[in-house]
Amino acid sequence: MILQVQGVSKWFGGLKALSQVTLDLPQGQILGLIGPNGAGKTTLFNVINGVYAPEEGRVIFMGQDVTGKKPYHVAHMGMARTHQIVQPLNELTVRENVMVGACFGRENHNLNEAQQIAEQVLEFVGLGDRADQFAGSLNVAQKKRLELARALASRPKLLLLDEVLAGLNPSEIASMIQTVSAIRDQGVTIIMIEHVMHAVMRVSDRIVVLDYGQQIAEGSPEEVSKNPKVIEAYLGDPKLAERLGRLSHD
Amino acid sequence: MSDILLPSLVDGLLLGFVYGIAAMGLSLIWGVMDVINLSHGPIIALGMFGIYLIFTNTGLNPYLALFVVALAGLLLGMIIYGVAVHRVIDAPHLSTLLATFSVNMIIIGIGTALLTTTPRNIDFTLGSLSVGPITVPWTRVAAAFATMLVTGLLYLFLYVSRPGKYIRAVANNRVAAELMGIPSARILALSFGLGTMLAAIAGGLIATFFPFTILSGGSYELKSFVICVLGGLGNPLGALFGGLILGGLEGLTPAFMPTTWVPVLEFGLFVLILLVRPSGLLGSKS
Amino acid sequence: GGGAPAEEAAPTEAPSSGVSEEPAPATEAPGAPEAKEVTLKIGFTASVTGKYEVSSAAQVNGLKLWMDSVNEAGGIELSDGTVVTFDYIFYDDESNKERVQELYTRLATEDNADLLISPYSSGLTAAAAVIAEQYGKVMITTGAASDSTYQQGYTHVFQAYTPASRYLTGAVDLLASLDPNVTKVALVYENSKFSTSVVTAARDYAEAQGYEVVLFEGYDPETADFAPFINKIEAAGPDAILGGGHRVDGKAFAKQLYEKGTPIKFFALLVAPPEPEFAELGDAAVGVIGPSQWEPLAAFTPASAEAIGATWLGPLGNEFVSAFEAAYGDEPSYHAAGGYAAGLILEGAIRSADSTDPEAILAALNGMDLMTFYGHIKFDTSPENHGLQIGHSMVYIQWQRDASGNLVKQVVWPKEGATAEAIYPIR
Amino acid sequence: MMALLEIQDLESGYGEVQILWGVNLSLEKGRLTSLVGGNGVGKTTLLRTITGTIKPWRGSVRFNGQEIGHLPAYRKPDLGVVLVPEGRQLFTDMSVRENLEMGATNSRARAHAAQNLERVFGLFPRLKERESQRAGTLSGGEQQMLAVARGLMAEPEVLMFDELYLGLAPVLVLNLFETLQQLKREGLTMLLVEQNVHMALSVSDYAYVMAEGRITLEGPAAEVAQQDEVKKAYLGI
Amino acid sequence: MRALRSPGLWLALALTAAAGAWPYFTGSASNREVAFTILLSVALASSLNILLGYTGYVSFGHIVFYGLGGYMGIYLLSERGVSLWLAVLAGGAIAGLLALLLGASILRLRGAYFALATIGVNEAARAFINNFQPFGGPIGMTLNFRLYDHYGGAARALWMVYGVMLGLTLLVILVSYLVKNSKFGLGLLAIRENEDAAEIMGVTAPQAKTWAYVLSAIFPGMIGVLFFFKNGNIEPHDAFRLHLSIEMIVMVMLGGYGTVLGPVLGAAGYQRLRGMLLVSPIFKNIQLAVAGGLLLIIVLFVPAGAVGWLRHRVPVLRKVLE
């Protein structure tokens, strides 16, 4: 198990954003994390990588208890993430943004190595021709790719992807899915938050569904998509869901 | 010693009101526009001279003159905003600091040339109020009342009135405010004007009981920084509260230790509070 | 620095020779037969901006008035026929130390000033003194009362003011003469260089006279609100208060002490009271005593010079006052008189040296025993305190109401110069 | 039918970089129009130019026959031209409720603010639950709901959405689908800018396709969806 | 080292060295004094830039390090009789130490609150020294003129101090450059742009910030000793003058924050302008207002600072102007 989340709860004032969430993640898998808006998915990421300390429960990463450890601590151990609401380093160039990931991530590269890694990774995500631009001048979709590039540059063991597909058109989604699979094939374990159902269903080995901070379902994509609780809370009316499914699978 | 505690506390608190109103101006501009107004001190001093000049030349009651000074402060602020700040409000971080610093230099430079640094005093008194061991000049009591009134009005304005909410919206996200139909440039000018108006009022009130020079605003500016932290940025009630704490502290400290230690304690405590409650005593936690 | 600077700087290394190598007209060979005119340049910085602006401006006005009167009178004629006139050059020091040395170095080297006057305030003067001494330029200090500057081994710096250590001692004497029964005094002071030196000396003096110092406490220089401090003073229950600091805080202190109705018999305050604008305090000013370097009413005459065997120089007090009023429109303060006196000191030194040679002027200053409208001038020449003023002493004024109810300043001490009896007790 | 908003030969960009190269587009009254196109082709830039956040370089923007291209951004909502911007642009330090109030600042919407508030709370019950929470702490999807709701509060005549569906859970996407139909029935003119080309084309009446700062294709949505180039480029088929 | 081959570094060093050599060529003590003021500002601004420009933390009270260093140095010189060299090192050390202690605590604060805390620290330090008798309390300390004799008399001593100042300034610029072009510097820049994101990417922000703070404090501490040694005396209000602190920020912003050359140009330009106005026959009586007006014009029309503006306007210069 590369990651174990054991009975994690997180409150915001009176709001219990996460309630006794438990999951185990074997190396090399892709875990899909889905659920309605405000279910606590991003919050779970924040707890896993140390942005928030949970009130209850433990997070164990690569056999070490990292509950309440700072984000940079887990980053050094090999955890990287992207942000749903993009966080570019605006007044640095795209390349420098990625170099930060390479320099301070798991492999602790020096500047020269980091620069080479940055070039590779930027090519990989399709931002190669924008390397010298300031990150602030990218548009939102490009910034999302930059997020991914930074995360990859740190050569992570575990990658947390928060809605990387949002804002991409279907053909772009298709290519991003390939990218994600390729990353997994390099041995990186991935947790992926997504609302683009057909994509999650296609790449995930397993899916966890959150609703109001509770784990309401867990299983293979097949199982989860048939789960009535999931259909009610997340997919909506089954008939419409079916139609939606058709639309997405065309 | 106990017989000096009460009078000193009263003295300190009364002054605290005025500190509060001075800080409110700084806090408003800082909290709302993210502009650290380094011309705050000189504007406080201009407020003092406003009252002084009106009073010595026309004999008008200082409290009536305060209305004139307030209005002039508002206009001056809007002009300063238009001339010196607006162009750089979107420029790199801190450019506005330079802009207001230049305004500071200009006001102090011209002010020194025209008004000299001779200490001035308004020969105006309402007598003193004596209750038991406490003797306080009425002017200070009046200033406290004026401050409460202004604070109340400002609070209502910011949190209830429409333009007040616009101010907070523009402060938070200018692009969005424009998209919602809010004329951000005008709103920013208004905010800046309000901030300087408060500074001018504070100066006017101080002038009714302390002698001053064109440079006297400096120490109130410094205290305003402290108070902003005690009360949290952008919140008028917080500023008032912070002012009272500072005033109370200044009043009581001399009873327990040499008076020269007041600033050590004041600023030491200030840093300490910042460390414990990083967004101020009244600010939201974390 | 490497070798180059030392070589480059060689001319300035030895202060005394540095000056003689200057191509200053003053040092032309004495044998020249026809009468020459020599213009000596006086350099200084003034606080055109910043907190010392007012006092500094007065000082500069006084100095200019002296210069104009000397120049208009055709200059100083030396026995060899040389006529000495003066010119000045000054820069703004902004009331802070950052550039004082830069500007004085410029005055001493670029501008070739022959003689220097100090900036206003002890702090700035201390920085300027390093430069004056280094270039071997005579500097008359005025508006700089601290004793410490004259304890650093300087040989070219001479003080026109009565030093801080003797600022308030006369007030103690005055109190003793008014009421032998008073024993409790409070010494309260601005926690800054000048006032701390003054009250520390005054405390020692008062204690030596048998007074009980019931409160000896400073307040921060930025203080505007004295109310809590006054409460503390009241609790200590002194009969007399001595101390203060500068102009703004002094005014605020006096005003609030009055408003609080503190029962006090005697109140002597530094710096603020002699200033004309102190009258703006109205009733709060009445009875306040202030030490002053000089007052328009002080009457030093050639006769008083003779009495102590000193040389007399310059105008009488009333002549100075009317000339000053004619030139600038208002009554001169002691800072203005100090500026004029600094000029007179230079003039006296040149006259007695009968030369413009810097060494000769220096020697004349060391031996100076001069009386002017400003009072007696004599310098300590011991190595420990060289340049310290030992001739001059303070006068003490008190604000009183005259017959028609107007506020006026009266000299109340020393007895010989007094123009009125001191009001006592004041409350 | 008449065009409520008519855009002709519009050119604009950032600094010296030109992004739009003569865009022609018109929104018929009461119709739901969508604008689709790949990443970075200038869709957002077009919306910013229409609202006045950036100034048009050339060309015209007419609303109800009146030229509005030169007006500053804050004048547009008064006319009824409202944008739900990309990246949401919420007042993150203000509460959910205050954000909604700020939506209704223009002169037309003020009077009906209370009614409209009821309505959007009906559409997004989650916002009602979070009424006094600071907008910046909402989840991504909740923020998107708030942005849409705030746009509706402005009582627009023309409502433009930049990436309406971004980050919304499927269940909400379906709800919004219904909502759009409802708004259309009420006579609202809408422009939908989307990456989700399937969704956009399936809900709208008319569609434009944009590439490299120009409109390359237009027509009824169903027809556009059948075009080979569209299928290839955007539908991933 | 790739960094040492950068034209940007050499440009900044060469400009400073050329300006610094000017008094040596003219042999003029007056020029030396002018240059000293400028170098002092360049060094202060460049040090501050490490924190303000690279890390994005606005230290309003940075002058506390200069003041404290100065006090420590003068104390050692006049009361303990140590040599100037030791005093300068001690000044730097005490400043660095204070920054280290403070860093662990106040660097947790963000944005405006950090700025305010630094003001508090400066004022508290000033007020404390004002009451601290070993350092002379309000009277401060004065150096005996004979002390300069150890350094060949006052004249030589001042040339020597100038030489040290020049060396120190070049060192600060070098350090500033090395920091910017190091991995450490990249971490600082990331913190400046978005501290939370930087931490998530693995930048150990608390540590990095603290070291940036310490670095930016050491030099002002050493410079303080030099200045007050030259000045001959030290008093609390001169040592902890908040105004100077603000001027440091102004200089950094004028030249362009976050660049190596920016603070150099900004400080030199600002001091030159002020220096010229002070001695200008026309303006000297209202020099403050005129300087303010000029500053305002520059700020309004070149808000990114000189270097920022040049980099923007003339992209080819980006390689040269770091």
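A, B, C, D and E label the chains in the order they appear, each numbered from 1.
Here is the rule we go by: a residue touches a chain if its C-beta (ideal position, glycine included) is under 8 Å from a C-beta of that chain, and two chains touch if they have at least 3 such contacts.
Quick caveat, the model's predicted, so the values are computed rather than measured.
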Shortest contact path, chain A to chain E, counted in steps: 1
Common touching chains of chain C and chain A: E
Contact-richer chain pair (by C-beta pairs counted) among B-D and A-D: A-D
Label of the chain whose CA centroid is most distant from the centroid of chain E: D
Separation of mean Cα positions, chain D and chain C [Å, integer]: 76
CA centroid of chain A to CA centroid of chain B, Å: 48
Chain C and chain E, separation of their C-alpha mean positions in angstrom: 36
Distance between chain centroids, defined by C-alpha means - chain B, chain E (Å): 31
Shared interface positions of chain D, touching two or more other chains: none
Touching two or more other chains - residues of chain A: none
Contacts with two or more other chains, residues of chain E listed in rising order: 127, 130-131, 285, 287-288
Topology of the chain contact graph, where touching chains are joined (line, ring, star, complete, other): other
All chain pairs that touch each other: A-D, A-E, B-C, B-D, B-E, C-E
Footprint of chain A on chain D - complex, ascending: 14, 36, 38-40, 44, 86-87, 126, 130, 137-145, 163, 166-175, 195-199, 202, 232-237
Touching residues on chain B, where the partner in the complex is chain C: 1, 3-4, 7-8, 11-12, 15, 108-109, 112, 116-121, 123, 125, 128, 130, 135-137, 206, 209-213, 215-216, 218-219, 222, 250-255, 258-260, 262-263
Touching residues on chain E, where the partner in the complex is chain A: 2, 181-183, 186-187, 189-190, 192-194, 196-205, 258
In the complex, chain D residues that touch chain B: 51-53, 72-78, 82-83, 85, 89-94, 98, 101-103, 105-106, 150, 154
Interfacial residue positions of chain B with respect to chain D in the complex: 162, 165-166, 168-169, 171-173, 175-184
